[in-house]
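Chains here go by letter, A, B and C, matching the order in which they are written, and residues are numbered from 1 within each.
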Amino acid sequence: MERVSPVVHCITNYVTVNDCANIILAGGGRPVMAHHPGEAAQITAGSRALVLNMGTLHDTDSMLLAGKKSNELGHPVVLDPVGVGGSDLRQQTFRSLAQAVRFTVIRGNVSEIKYLATGAGGISGVDAADADRITGENVSSAAELACSLAERLGCVAVISGSIDIVADARRVCFVQNGHPIMAKITGSGCMSTALIGAFLGACPEEPFEAALAAVAVMGVCGELAFAKTEAQQGGTMTFRTHLIDQVSLLTADKLTRLARITRRKRNE
Amino acid sequence: MERVSPVVHCITNYVTVNDCANIILAGGGRPVMAHHPGEAAQITAGSRALVLNMGTLHDTDSMLLAGKKSNELGHPVVLDPVGVGGSDLRQQTFRSLAQAVRFTVIRGNVSEIKYLATGAGGISGVDAADADRITGENVSSAAELACSLAERLGCVAVISGSIDIVADARRVCFVQNGHPIMAKITGSGCMSTALIGAFLGACPEEPFEAALAAVAVMGVCGELAFAKTEAQQGGTMTFRTHLIDQVSLLTADKLTRLARITRRKRNE
Amino acid sequence: MERVSPVVHCITNYVTVNDCANIILAGGGRPVMAHHPGEAAQITAGSRALVLNMGTLHDTDSMLLAGKKSNELGHPVVLDPVGVGGSDLRQQTFRSLAQAVRFTVIRGNVSEIKYLATGAGGISGVDAADADRITGENVSSAAELACSLAERLGCVAVISGSIDIVADARRVCFVQNGHPIMAKITGSGCMSTALIGAFLGACPEEPFEAALAAVAVMGVCGELAFAKTEAQQGGTMTFRTHLIDQVSLLTADKLTRLARITRRKRNE
């Protein structure tokens, strides 16, 4: 993944923008954050992948301009529909984006993906609703949600949760890595999206595998980071430091050894 | 405090927004940062508390919309009047907010609270003026400032400093915790305000006690974090990491044992 | 440098704004970030130095208002022309700023300074182009670029790279400190610019020496931080923590002992 160093253009929220830039660098990419409508398309044209994050919704025009340009040039586009069911504005913004831009990957929590797949389910805040948490029991129905969204929009759909799901219209992968402490820092989801962008920039021809690799990296590094945090009796910020650290230190060998990925056909 | 996990809507500055989100999570809340006027009121309606921070002043319309909605729904509203005496715009903004929104808690440094209480005192930058620093000698007059502001606006007023003051129209508490290194990182004040928001969201009926608890948590965790930083020969960023860590690791037992709170009636 | 504590007004990008505020504090200054055109000039008037950073270009009007006011009051102004060759908007913005504002110091990577000095060279992303990397072989031509830009604009020009260059129309200094890991975190450049602002605020009469000192501090602290990071088997975020830590812990003695500065006349 790190042999090329793709420039990744992010139009993203200001809460986690620093973490996103740092995890792209840790993963071997080169982040450029630029949200002015007067340059969004041009910056995208000089990049290898585009990340659109709806976290602190503000720059919809720039997202549209950059997204269209990215499609035109055949660059991958990742969408993080943060809190999409939580306000009318977010719902409208998603519809505007989806009408004008073809996404390569959409990554969200289960409440967000459920909203996009079915139009149902309110969201309070930016976390998955408790009722939506993925467990062993509902993982198959969550996977089907992801597959149906992927089919409808012609993209890869990723659901982050205690079990992560990577799906397209025909197949699904489950990634059983990560740690619950990831939900106790802001930005775990945004960083996952940003890393997907970096990996897509490096491997634009294999979006499913690129997204899967990024999800596995986040999960594996979450585990490694938690082990280091616990050994130091650290809290959530020590964990955040270790999480990005571990991405910057990860080797292919460690990833292969620790990733727990299950591959299935849809509805299998 | 951590049994419920209130959604806390923050319209806050982009300098310390990540720290604010992380300390809300560390304190048991769920942050949502959303500043677009097209969704501010709706996001507030889905939340349990509202934090308005004037640090990088920009979104006054959103603050007004969210503040009014919050009042309408009976949700608590915390204001951090960052640098309020430092520009005409900030003074006007405060007046606009104060005319339209009833605050539950206002937290600032002594220069900010002095300006709000008396209309006097210029501010250079966002720190308390040297002449205003709270010492054993002027702590009573600072407390009276806080009480008079609290009385006039019908809120709880908090002054952060070497001795923290939590006051309403009838009573005042002094919190003698914390460490001077807290002034050497950006965001100590903003994080304190954000944590007040989280505690208010959990205990909306007891705003004085919620604000006092948040102030004590910040002070106690500041001391614990400094001890860890010193043991590692760390600097200001190590301290910042430990500060949020300690909030995430704090137990009721540690807080009770370490908090140094003095309770008085006003003018006692 | 730390005997006075100058207020430093920054109009800067939201990616690294927190790091910039924290490194200004670590270096003995007091940061105030304010970008609203309604207060930019007034905030500058209450400050001792102004930092303009084009990273996430948005607030050109505020930059113009603050820059003019700063010139009027004789305060130093530092410009960080992030990614200036990367979009038409950035090029136009630089021209607007340069027509209206006299800069005291301009700091960029070699691609950015090359663009400003010659008008040539596209930039992809916000990093120096590979073809532009400073090595022992091209360091003299890079120095001449810096001197010619400094002469044309009547300022000090700083190029950050594996060898840092500080130049004015008559002389040049090379700083051989730092570590390649500084390019693996976001914000090394922005923090360097912010620290120059703090040092200029403390020593406005000696802009060359102030910029040189800030560049040397960043380089020396980069080395010290890398040594600590390596000892802990840390990654890029541990390095970022140590970098700001070391600035907060630096003594004049350590700086003098570790800084590797070569002074020359132009074209020598």
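Please note the rule applied: a residue touches a chain if its C-beta (ideal position, glycine included) is under 8 Å from a C-beta of that chain, and two chains touch if they have at least 3 such contacts.
Since we're looking at a predicted model, the values are computed, not measured.
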item	value
Classification of the chain A:chain C interface as same or different, half of numbers criterion	different
Size of the rotation, in steps of 5 degrees, that lays the CA trace of chain A over chain B	120
For chain A paired with chain C, centre-to-centre distance based on mean C-alpha positions, whole Å	33
Multi-partner residues of chain A (at least 2 other chains)	14, 18, 240-241
Complex contacts: residues of chain A adjacent to chain C	7, 14, 17-18, 21-22, 25-26, 30-36, 38-39, 42-43, 46-47, 240-249
Of all residues in chain C, those that touch chain A in their complex	13-16, 18-19, 55-58, 83, 86-90, 122-127, 184-187, 233-238, 240-241
